[in-house]
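Here come two complexes built around subunit A, the first alongside subunit B, the second alongside subunit C.
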Partner chain A sequence: MANITIETLTKRFDDVVAVDDVNVDIEDGEFLVLVGPSGCGKTTTLRMIAGLETPSDGEIRFGEQLMNYRTPQNRDVAMVFQDYALYPHMTVRGNMKFGLEEEPGFTDEEREQRVEEVAELLDISELLDRRPEELSGGQQQRVALGRAIVRDPEVFLMDEPLSNLDAKLRAQMRTELQQLQEQLGVTTVYVTHDQTEAMTMSDRMVVMNDGILQQVGEPLELYHEPNNVFVAEFIGEPSMNFLDGTYEDDGFVSEQLTYPFDARITEALDGVSPGSELRLGIRPEDVDLLESDAGSEDAVREDHTIEMNVTVVEPMGNENVVHLKFPDSSSTTEDLMAIVDGMRQIDAGTSVTVHIPPEAVHVFESASGDALHNRQLEYEGQAVRI
Partner chain B sequence: MARDSLADIDVAGIVNGMDHRRLGIYIVVTLFIAFFLAPLEAGILTAIKTDASIAQTVPFLPPGTDGATAENIGTAYGQLQSSIINSLVMAIPATLITIVLASMAAFGLTMVDWRGQVGILVLFLIGVFVPYQAVIIPVDKFWYQVFPLAQMLEPVARLKLVEPEHMLLVPLTITHIAYGIPIVTILFRGYYQSMPQSFVEAAKIDGKSLTSIYTDIVLPLSKPMFGVVFIYQFTQIYNEFLFSLTIIKYADSTAATMTLVLSGIGASISGIDYGLRMAAAFLAALPTLLLYIAFSEQFAKGLQTGGA
Partner chain C sequence: MATHESTGESVAETVGWRTKLRYVLNGDLVRSLPFWGVPFVIMGIAVYGGIGYNIAISLTDTAGIGAVDWSSLDLEMYRQALAAPAVHRAALNTFVLLVAFTSISLVLGLFLAILLDRQFRFKEQVQMIYLLPMSLSFVVTAKLWVWMYNAESGVINVTLGLFGIGPIDFLGDPSYSLGAIVLALIWQFSGYTMIVYLAGLQSIPGSQFEAAQIDGASTVRIYLRVIIPQLKAASVSAAVVLMVFALKAFTFLYALTGGYTPPKGTDILATLMMREAFSNVQWAYGAAIATMLLIMALGVISPYLYYQYRQGSL
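Presenting the complex of A and B:
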């Protein structure tokens, strides 16, 4: 078992900086997910940990040992590839045993036995004598996983292993993989572009963009307390709503909306000069749609409500995703998205009163995208849903 | 009865089902087939005609019952027999060694990273474009003066198994290997580039050596490509004339290859024996034809996957 230390890790391909000054400590036995849009440098980072790429700068250590110049075979890592990399001319047994052949201290019988054990663990015993081409995508995925597990490495590296599976199987494998990792307790670095995978599976996740590490933390921490606009937007489905405006009179002012901040927010915006550009963020599930006559219950709420038009309603069954537009909006897409209960009847084309609770609002600086204020995690108004 | 069954055929339906474009394609294809196959057909027919029949009938028409003979084929077989064996003894090892070496070279040039590999690749590419004519004099000088290998090997021939002249086949084989490696390497390189890089990477992470990656993974997966390249390279070497002429020199040498002997068969001061020449040409082509038939499936498969 090993903890992994990554310090000022940088990778340049000629002029392109693929990974730029990344620092992460990965604890022993941790399930760390590297997530980001394609081309963000997450796979390059993983390949540097594997030893398939040499870092241009920085250090990778397993425990106390510097790994930078070690060949992959001397790192005791096992990797699951996106295309599984199963050898088509070998049986499943051959594939799983192949990696084990270089492990010292095994007799051939013990290797055979180990393969059988792992096959049992993954429930693929009956596939052992088949060839990869005869297996379904999900089964191939298991074999690829088995090939990694069989070697009992210090570190598992997984490069988008579930991306070739259909949605249902992916969800199932997500849970299974997570349980398996917990059971084996092997440090795992997992790369994906799918934020749902990252959120559901990881102990901690690393969000990357353009080679730069954006934020490291537990999934809910990143969800509720994003460092910047990128993280806020990337995490969560549907993603966070953003409104652009300026900071005026202790509030947020845009063309369509004047939104007074409460004391807690203005405190956080202490150093921000009036007139500077702000981005207001609110998660769709925090946007309340009030019945039109219930709009004026109290003064505070009055301040944070606005009339908007419903353009599209996407019924998901358990919930409805409601697309909203300001009455005088010029934008072609929606200005705001809201998630409401699936049983509630809302029709496209109608007008609704939208309540944006100040407790749930995020405030970002427009230019840098940095978070100035994140939502409160506990507040009473949360339960107010009509 | 016959009239009725003919009437049953829906001629209009067949014609309607075929639009003009399709009809045009069929006509062009048929013409091309006729164009390419006519000489072959004429050749085969000439091979089984007597001299008199050749003079009297049009080449692409069959001989009459009295004009057919197997004599030409028998004569040609007698004259070509030993040279075809010489050619096979030279071409089969030359092809196999070329393929093994070239696939190793291609593996090293595509799936392994090392400094200066582009330079080496460029050398291979240049090798592809060196014309035969440009090297025949150096080849002659090399094998007769600089490094007379055949002469050195003559003691081996004293074991009475073969004639000393047969030793000339060794330098010829080596020349063909050297000349064939560049193009075959490039063919294999294309194939290996289309192979997922993750195969090699997965094996590297599992601690496999380069040798093991080659023998356990790359080599077994190259099978279809081996088929393609074997057919291609064997045909090249078997049909090659210039190197044989340069190194073996004489058609009456005991080591003469098929191409050397074939050029003289049926030609004499008294005229050209067309029947004999045609018969010899078909006998000479037989090994490559059989090879194509035997490996046709693998050949097609290799072309598909290799994109060569």
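Presenting the complex of A and C:
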């Protein structure tokens, strides 16, 4: 078991900077997920922790020990690869025993016993004498996992281990992996491009883009308090709605929308000069669609409502994803997405009153993308969704 | 039900053969006949007809000029050949050549392929250099090595002379000649095994190497336990090609001396066969040796075909 310290970690391939000045402390026993779009440097970071790539700059330490110049053989890590990398000429037993055989200090019986134990833990005992080619994708995945667990390493490294599984199996393996990690208590670094995996599995997650660390934090922290537009957009499915406009008269003004800010937001925008470009963010589930007469009930709400046209309704069963357009919008895609209850009947082509609650609004600076104000976590009149 | 069955049967019996014939004539096998039939016939006459005629002759006592006497067919020639010391020597030489040439070429080719696979600079150029000898004809290789092995002025003896060794008559001295020939053949064919192995190595995903590294295996152990065992198919196919070439080394030996008498100590079954048949005009005796050579070649090929069949590639 070890905590991992990553300081000013940088990796350059010729003149391309794959990982740029990344700093993270990973606690002992933590499940940390590196997430980002492809090419963001997450896998390179993982490979540097594994020792498969040498850092151009910066330090990687396990506990107090500097790892930069150690070969992968001497790091006591185990890794699950995206393609599983099972040895095709060996049986499952051979695959799982390989690492133990390359490590001194085991008798053959001990090795055998450990393999049996781990196989039982993963429920693959009956597969031990088969070859990888005879296994399904899900079974291969378990064997790859078993090969990592059997060595009882200081650190688990996982490179998109679930990406080759079908959706159902992936969802099942997510919870199973998470439980396993908790049970074993081994520090785990997990790489994925799937924000759902990151959200559901991680203790903390690291969002990366273009080699630069965007934000580190617990999943809900990143969801509700994103540092910038990138994190806000990347986390959440369907992703956050954005509206571009300027800061005028203590409010947000765009071609189609005038949206007055309340005191809490203007306070946060204290240093921002009027006329600056702003980006308004709102999660689809926070957008309310009012019944046609509901707007008149609440005077305060009226400021934050707007008439929009429904272009598409995607029924998910439990909820409907509603695509909305401003009446005079010229854009080809939707301007706003809203999620409403699955039992609620909304038809494409109709007009609805859309309410954007100011408590749930995020405000970003357009140029830098930095967050100026994030939503409140609790407020009165919050639409409670069961 | 019973009536249905009985009427069905009678219909099949009465209309049967016409329908069946039409079915056969319209089948893929018959309709594609013009395409595979012609090469099949040519191939059948040229190769299998030749083999059959050779075997037939080996059963007679034909020698010298004159018509073949088919009156007495027996295995006399095989008995003579199996008892002859010259055949024993040639068979032993053939076997030594086969084993030494094949195994050393495979090991050397594997070594070169691993070096190339380790991603060093000028990889393409080096690959070309090793593969070039393969493109040369046996005759060119033979002439080249005859010059290099020359006892007085050959580059090898001149070089050895600098260290005070020699001169050695590599091709003239029976204790060196077979080794010298094996070396020249290895020079020509190790590039081929290298390419076969390189293709095999490159089909192994890099993640397996990395997984083994993380599992704690040293580079040498990774090759021994993870990489080389996966090159079995490549080894088998390269070995078969090499062994067949070893059995055909006749061309090379013929080009060395320009005749059917190879350097002392390097007589193989192929040269012996040619000498018996075409120099000594012992047609039947030569044909018997040829048949034995064919059986050896089949002995090499058939395990490979069986292996392919078991793998489902045949």
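Here is the rule we use: the second predicted complex is superposed on the first by the 383 of 386 C-alpha atoms of A that agree within 3 Å, B and C clash if a C-alpha of one lies under 4 Å from a C-alpha of the other, contacts with A are read in each partner's own complex, and residues count from 1 in each chain.
Everything below uses one rule, namely that a contact is a pair of C-beta atoms (placed from the backbone, for glycine too) under 8 Å apart; a residue touches a chain by one contact, two chains touch by 3 or more.
Quantities reported herein were computed from a predicted structural model and do not represent experimental measurements.
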Exercise for the section: State whether subunit B and subunit C clash or fit side by side on subunit A once the two structures are superposed. Expected result: clash
Exercise for the section: Check the residue A:103 against both partner chains and state whether it touches subunit B (first), subunit C (second), both, or neither. Expected result: both
Problem - First, second, both or neither for A:319, with subunit B first and subunit C second - result: neither
Practice task
Check whether A:116 is in contact with subunit B, with subunit C, with both or with neither, and answer first, second, both or neither.
Solution key: neither
Handout entry: First (subunit B), second (subunit C), both or neither touched by A:50
Key = both
Exercise for the section: Please write out, lowest number first, the residues of subunit A touched by both subunit B and subunit C across the two complexes. Expected result: 50-52, 71-73, 75, 77-79, 81-83, 85, 87-89, 98-99, 102-103, 147, 151
Completion exercise
Listed in rising order, subunit C residues that touch subunit A in their complex are 205, 207-208, 210-218, 221, 225-226, 229-230, 232
Practice task
Quick one: which bits of subunit A touch subunit C in the complex? Just the residue numbers, please.
Solution key: 50-52, 71-73, 75, 77-79, 81-83, 85, 87-89, 98-99, 102-103, 147, 151, 157
Fill in the blank from the handout: As the complex stands, subunit B meets subunit A at residues 196, 198-199, 201-208, 216-217, 220-221
Handout entry: Contact footprint of subunit B on subunit A as seen in their complex
Key = 50-52, 71-75, 77-79, 81-83, 85, 87-89, 98-99, 102-103, 147, 151
